[in-house]
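Multiple structures are listed underneath, in structure tokens.
Shared between the two complexes below is subunit A, which pairs with subunit B and subunit C, respectively.
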Partner chain A sequence: MFDPYYLQQLAIGLSLGMTYALMAIGFTLIFGVLNVVNFAHGEIYTLGAFAGLVLISATAPPIVAVILGALAIGALAGFSLERIAFKPFRRFTDEASLKSRAMRESTLLSSLAVSIVVREALEIAFGSQMRSVPFEYLINTPVRVGPVILVTGDFIIFGVAAAMLIGLQYLLTRTRIGLAIRAVSNNPLGAKYVGIDTDRTIITTFVVGSMMGAAAGILMGLYYGAVFPAMGFTPGIKAFVAMVMGGLSSIPGAVICALILGISESMATTFVSSGWSDMVAYGFLILTLIFFPNGLFGARRERV
Partner chain B sequence: MKFRLLTLTTLTAAGIAGSAFAADTVKLGYQLPLTGDTAQYGQDFRKAAEIALTEFNAAGKPFKVEIVFEDSRSDAKEGTNIARKFVDDKEIVGVLGDFTSGVSMAAAQVYKDAGMPQLSQTASHPDYTKISKYQFRNIATQAQEGPYNAKWMAAKGFKNVAVIAEQTDWGQSVVSGFSDAVKANGGTVAFSEFFNRGLKDYRSLISKLERAKPDAIYTGFFYEDGAQFLKQLQQLGIKTPVYSTSAAYSPKLIELAGGAAEGVHLTSNFLPTDPSPNVQHFVDEWKKRSDGAVPGQFPAQAYDAVRIMLAAVEKASPNPTREKVRDALAQTRDFPGVTGKTSFSADREAEKELVKVEVKGGAFVPVAD
Partner chain C sequence: MNAFETAAPADGLTRRRGLLVPALILLLVFAALPTLLAGFDRGYFYQIANLALIFVLLSASMHLVTGVAGLLHLGHAAFYGVGAYTAALLTSKLGLGFTVTLPLSGLVAALVAFLVALPTMRLVSIYFAVATLAIGQMLYLVMLNWVDFTKGPNGIIVSKGFELFGFSLSGRLAAYYTVATVVTLSVIAIGRLSHSYYGNALRSIREDDQCADAMGVSTVRLKMEAFTLSAFFAGVAGGLWAHMTGYISPGDFKFSESILILAMVVVGGLGSLPGAVIGALLLILLPEGLRGLGDFRNIMVGLVMFLSILLLPKGLLGEVSALRLVRQQLGAAWRTAGPANGKGEGIGWR
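Let's turn to the complex of A and B:
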């Protein structure tokens, strides 16, 4: 009775949502949970993909080594990003600077600047055309599940996203470092007063979040089979929308909203022209901001 | 009114003649995307233009030519700014570019008012050359290619077809040029839709398209979108034949899509495997500058466009002016390029011969039908 067409669209939507979620997790950790305005996450994602591709074309290692390589580059990139674009704005430790909104929001521009420099540098180094990933590394072999067709990558991405989500939830709620992250996010000055090493906490968060971003990048590269300097832009926007819809600070919220986003986009394609399906994401963003200013899953706390 | 325009043109022309008289270097402008999402195309055009220019300047002509490259980022606003800059530079006697129809048409408004000849290697929107007598192009339009492909598909017995194309000026001309011809041939268009350029996941669109049960799919995309589309078509196990325009003709399509590109039919006016000496010369020069990669159709068109422009400048010299270059361009007949012989018709359209091509065994192979 039920048209298998809709089941297929639902499956495609879920898989699309998963790819958004993969990006949204690391993004939300830095931007939402740590509460630091960071617009360079898309480039970390691109760097991860390029690191993996370079490794593949240089030595053709097993896929696990490729992902480990991307993770290492992600960690390094996160550390450098924090050092270049964020640390300089924390050099004033007086109370006025620490409470200053302008100081906090200036990282919007510094991180954007880093992202532009990285993207253009990649364009100069690798050219802006799409580079193909060798076919034996691709994770898009079709898999038939009843009436719907998925690919192997969908299951890998599901597994990785679930592992990231559970791991981060454990880290944030059960460990001391998670406690420190939440404390710094809530009140950097207060965290400093009670003896938390805020610098180290922030660097750790950047490293962890960026490793996740880089892993997302290489997985997406293997999933779609194309790596190029501008690849981080669209997923970055989708992740941002998912994060805002999910209430900024909630990682599970961001994941659920990423799934909602994916499903609505694929379902919307049935009823409106595909050219309009991007409108769904922005439409959701606007509706959420009007009717749920704290996001669908956001805790009611005062944002800076 | 007409008189005023004429005086103005003559005055401008006289002004340029005066300044160009002193120099033995002639300047051309080339507006193209060197950064941004479409930079890969602009970079290729620049490479092709440099090959053509080096050859020209080494040939011992009485004057040297210099090309000023400006980055338009495929942004219409940027394209218009560059156009104003080129127009203000009195030494520039002709302009090449832009890449997309949208940007070329925006810039064309400036060139139209200033009387600057503009030759685009790729702008294939039907309205582009209608802007003024200064707009030329070196590409088959969709008004040529659409009916050609419609006839080809009808001959193969595909009566009920689906059309998809990117949501741009060009994509719309793909759909209208093709759909009208299909209907005129007595076929039906079962499905017609646009997608956003750079879309990653076509599976929703493909599922929707397949519901219309078309005999074949006609597509208006470039190689990046094309490769994703073809791969996902294969993933979903769909065997409907795919036809496309010459815009998808690039070795990159096969590199990115791999086996999924097998059996795709498209048209082209450039074959790197053509044994004729000028084609092989260009392919060799290109390979030297691109780590052995083979050029696609777009760089070949750019190479020809630059050489057509250079030939026009030579014809207009000594003391080439914008007006003289325009007239020389308009007189181009049977220019022996790597994309076949090119003549400009009275409405400044390049009359191109199209070749039918199919992807077989990981290569573009010319086919008879």
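Let's turn to the complex of A and C:
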């Protein structure tokens, strides 16, 4: 009844979905805390992949070190992104301006502008062509599991993503800084009144979210073996779709929707050429926006 | 629209100045520039001039939806592409000429915009922006992947240049005049639209859509009309582009072009038509002038956009900042005129 081929596609879809989930968490964390969309998140993904590539070509470290290096660059990128594109627009801290449309749209445009600059700078530094990852670092050694053939990358991606998700859950629910993040995302002004350093919490959120994005970037770079400056755009959009589908500020919702998205995309390539498979994400996005404005898993939100 | 009847009518002074500046601009576009171009007589300069004019139209059409109605539109280039593909396909498959294809490319783009607007125009703020992004990407994917119809990434060769009722206008100067005429007429139309009571109704959506709704302005309908109208003008720009270059491919209409057009409107100042025009000229001519910088020109676009958001939040000629300027001037006058209250300060406006 179940063709092994579909099982195979399911496995590929799951690893794809896991990287989307890592990206989507970054989006969701930042949206939850600041109520703004970070359009430069895709570039964090690209930066993570390039950091890994540079590390590999410079010192050829073990793969764990590559991932850790990408995480460090992601954290740094998240920090500077917040300082450059978001902090200057948070001049006032009263509730009206925290929720104002002008602030939301100016940070949207500023993060967009930063993402253009980063992408073009990477193109100048590395060329716009695909750069291939050295063969011995590719994580695509085939492994046979029952009727399907998986590659080691599927396991690594799944493992790293699951570890990061559990770590995030621990951070958010068991630590003081996680408590602060949740407090700020619940009510920024109230959090400020009870003595939480909102600025530092926002920066932490950016750092954590960007580390996840960078991890997704390096994992995908090693999985497909190609790294190029424009690689962050499509996963960024997909992760955004997952966030909207999941209900904007629900992390479990975003993860589940990212998995759904990854699986339906890899299934779609069975029926249509891969060029059209991007259509799935955009179609999902439009349908969700029209029929489930609160997302599939989101709580009811006030009208924004 | 009676609610907006109280908007200040133009007094004599602004009306006179309002005639002088357009006359100068018309003189520049239709007499001075062509003379210069003919003087240099290099195809490259004509091409830059035409490109700049087309982007002026694109930026002006986006001004209507993003600047005046305040809807962040991230898929504008797709409608430009729909217009260009309409013109190219009508020419290459049916052999129609420019006179027919230009209005049709606008109409088809408007029709597509109307159809996608039907379900999505009820969305607000960020949801709207994302929906337009998705729509733009979907249209781009169709151009790229529907190989049987659009020839996919290979693009289409448009064999016919500009013509008017059988007269060929494909010479360099004639082509420039054609583009300039169409763009000027369209920009005037957009200007009339955005400086009318209709434009004021759109502005009311920008300022507070819930309030506008409560006052009896049909926001969804107005948004839809603004979206469709702007797509019409973007389609016209696409038709011009197709006949001007003679070759189009999906790469001309991707997301980064939408962002470029958005950057033009933002740099020029949201809500100001002259701002949108200047923004377009700046972002097209500046990179051309800085051609020596080579690869850095795209970074320039990003940097100019970022700096203008950071340093000039209202853009070069933003409507809102202009208002504040007037208020400050009046407030200062008031203050000097009223030293009666001891401190030497009048009531002021603040």
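By definition in this document, the second predicted complex is superposed on the first by the 284 of 304 C-alpha atoms of A that agree within 3 Å, B and C clash if a C-alpha of one lies under 4 Å from a C-alpha of the other, contacts with A are read in each partner's own complex, and residues count from 1 in each chain.
Methods note: a residue touches a chain if its C-beta (ideal position, glycine included) is under 8 Å from a C-beta of that chain, and two chains touch if they have at least 3 such contacts.
Predicted model, so just to flag it, every value in this text is computed and none were measured.
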When subunit B and subunit C are modelled together on subunit A, clash or fit: clash
Contacts of A:Tyr5 with subunit B and subunit C, given as first, second, both or neither: first
Which of subunit B and subunit C A:Phe135 touches, first, second, both or neither: first
Touching partner for A:Leu108 - first (subunit B), second (subunit C), both, neither: second
Which superposed partner A:Leu289 touches (first subunit B, second subunit C, both, neither): second
Partner chain in contact with A:Gly275 - subunit B first, subunit C second, else both or neither: both
Touching partner for A:Ser80 - first (subunit B), second (subunit C), both, neither: neither
Contacts of A:Asn187 with subunit B and subunit C, given as first, second, both or neither: neither
Which superposed partner A:Glu120 touches (first subunit B, second subunit C, both, neither): both
Single subunit C stretch clashing with subunit B - from 37-45, 109-117 or 181-189: 37-45
Contacts on subunit A seen with subunit B and repeated with subunit C across the two complexes: 120, 123, 273, 275, 278
Footprint of subunit A on subunit B - complex, ascending: 35-37, 39-40, 43, 167, 193-196, 198-201, 203-205, 207-208, 211, 224, 227-228, 231, 234-237, 252, 255-256, 258-259
In the complex, subunit A residues that touch subunit C: 37, 85, 88, 101, 104-106, 108-110, 112-117, 120-121, 123-124, 233, 237, 240-241, 244, 273, 275-276, 278-279, 282-283, 285-286, 289-290, 293, 303-304
Residues on subunit C engaged by subunit A in the complex (per definition of touch): 72, 119-120, 123-127, 129-131, 133-135, 137-138, 141, 144-145, 255-256, 259, 262-263, 266, 295-296, 298-299, 301-303, 305-306, 309-310, 313
Complex contacts: residues of subunit A adjacent to subunit B: 5, 8-9, 12-13, 16, 19, 120, 123, 127-130, 132, 135, 140, 142, 149, 151, 224-226, 230, 234, 265-266, 269-270, 273-275, 277-278
